[in-house]
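So the structure is just underneath, and the comments pick up after that.
Order as written gives the chain letters A, B, C, D, E and F; numbering starts at 1 within each chain.
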Amino acid sequence: MKLSARNVFPGKVVGLRKGVTTANIKIQVAPGVVITSSITMEAARELKLKVGDKAFAIVKASEVIVGK
Amino acid sequence: MKLSARNVFPGKVVGLRKGVTTANIKIQVAPGVVITSSITMEAARELKLKVGDKAFAIVKASEVIVGK
Amino acid sequence: MKLSARNVFPGKVVGLRKGVTTANIKIQVAPGVVITSSITMEAARELKLKVGDKAFAIVKASEVIVGK
Amino acid sequence: MKLSARNVFPGKVVGLRKGVTTANIKIQVAPGVVITSSITMEAARELKLKVGDKAFAIVKASEVIVGK
Amino acid sequence: MKLSARNVFPGKVVGLRKGVTTANIKIQVAPGVVITSSITMEAARELKLKVGDKAFAIVKASEVIVGK
Amino acid sequence: MKLSARNVFPGKVVGLRKGVTTANIKIQVAPGVVITSSITMEAARELKLKVGDKAFAIVKASEVIVGK
């Protein structure tokens, strides 16, 4: 499946923290560029996410703020 | 100002496309990692964004989808 | 690719309106259930979206408000 | 109140999972179409959400990704 | 309809800018507090939004970044 | 740093609720206007947020729904 989301970055899971309903995942997509994602625990379980996994960080362009 | 947003990446503006109310900005944050942002034209004007500028791409963790 | 997004609905493109930087897409996912999406024109062009196409509407759980 | 959100779907609560600060709600809006929402526990308590309730799933068009 | 969104602020439309697919609306919710919203033109037309109208600005808690 | 986000409101932290992975913060930005934010606990810790702190509530225009 091809996505309209402009930002689809392949990387590796380098961090994972589980709560009751929410999990925080860290995906390294380049040296020094680690993207943090907050997803439902249900999703984390379904994707069987664990540190070391290959994964994609996906962000819609409308969610990106620019700073200068 | 320090932000709660987990994803604040410094980079360089490498693309800019202006519409009537919306602008699309491309910020390169690492070799091969270009983040696309969609912001209001009002914001693009206020920040005086142009290709070559240093800029930050900022994304809240709750906006990041994980793919596997 | 499997997505963490909890809402991935297959459907058919039933409407498409193009602006300068933004396009509005309507995807019917069930009888009487049409999901409207606003994406960049760049994405609409890349996906070659047109009325009648099969497509998915994808929404992260954290983006869904509940009304009662 | 009428909302600018393009996606306002009436349905029925078919699932509810509570965490400390976050709750996950599932709303069936058509046969085979269940929308998952992640909201604050404060909101879940205020709306007194429980399985079987009539509820709306509401999504802004800019939050919908298209896949093809 | 009661919303799970934690932020529902009554105010008055003080600005309106229309594009092809997107409109930018400014709603004053308190002295010195003007909230800017970017919505589809389709929504702006349906709500018949114009300067001077009473309106609500609605934001889900998960969309709010904290700065310090 | 200047932000493209159209909504940057200075205020004071008037509430704070911590979960395992997520924290809910309330920031008063005007008399009668309290903005609720849901952020990662990691962010809450890094910003050392506590009741009484000065803080900003930041929202991208594309995240604001209009009601009428």
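One rule holds in what follows: a residue touches a chain if its C-beta (ideal position, glycine included) is under 8 Å from a C-beta of that chain, and two chains touch if they have at least 3 such contacts.
Bear in mind that the values here come from a model prediction, so they are computed numbers and not experimental data.
Shared contact partners of chain C and chain F, listed by label: A, B, D, E. When every chain is reduced to the mean of its CA atoms, the largest separation from chain B belongs to D.
Residue contact pairs shared with C-D exceed half only for one pair among A-B, D-F or B-E, and that pair is A-B.
Judged by shared residue numbers over all numbers used at their interface, chain B and chain F contact each other through mostly the same positions, with over half in common. We define each chain's centre as the mean of its Cα atoms; on that basis chain A and chain E are separated by 29 Å. One inter-chain figure worth recording: chain B and chain C are separated by 22 Å, centre to centre, where each centre is the mean of the chain's CA atoms. With centres defined as mean CA coordinates, chain F is found 17 Å away from chain E. For chain B, the set of residues that touch two or more other chains comprises 1-6, 19-20, 22, 24, 36-40, 42-43, 47, 56, 58, 60-63, 65-68.
Residue ranges of chain C in contact with chain E, taken from their complex: 17-20, 22-24, 36, 38, 62-63, 65-68.
Interface of chain A with chain B (complex): residues 5-9, 24-25, 27, 29-33, 35-39, 43, 47, 49, 53-68. Only residues 1-6, 37-40, 42-44, 46-47, 56, 58, 60-62 of chain F touch chain B when the two sit together in their complex.
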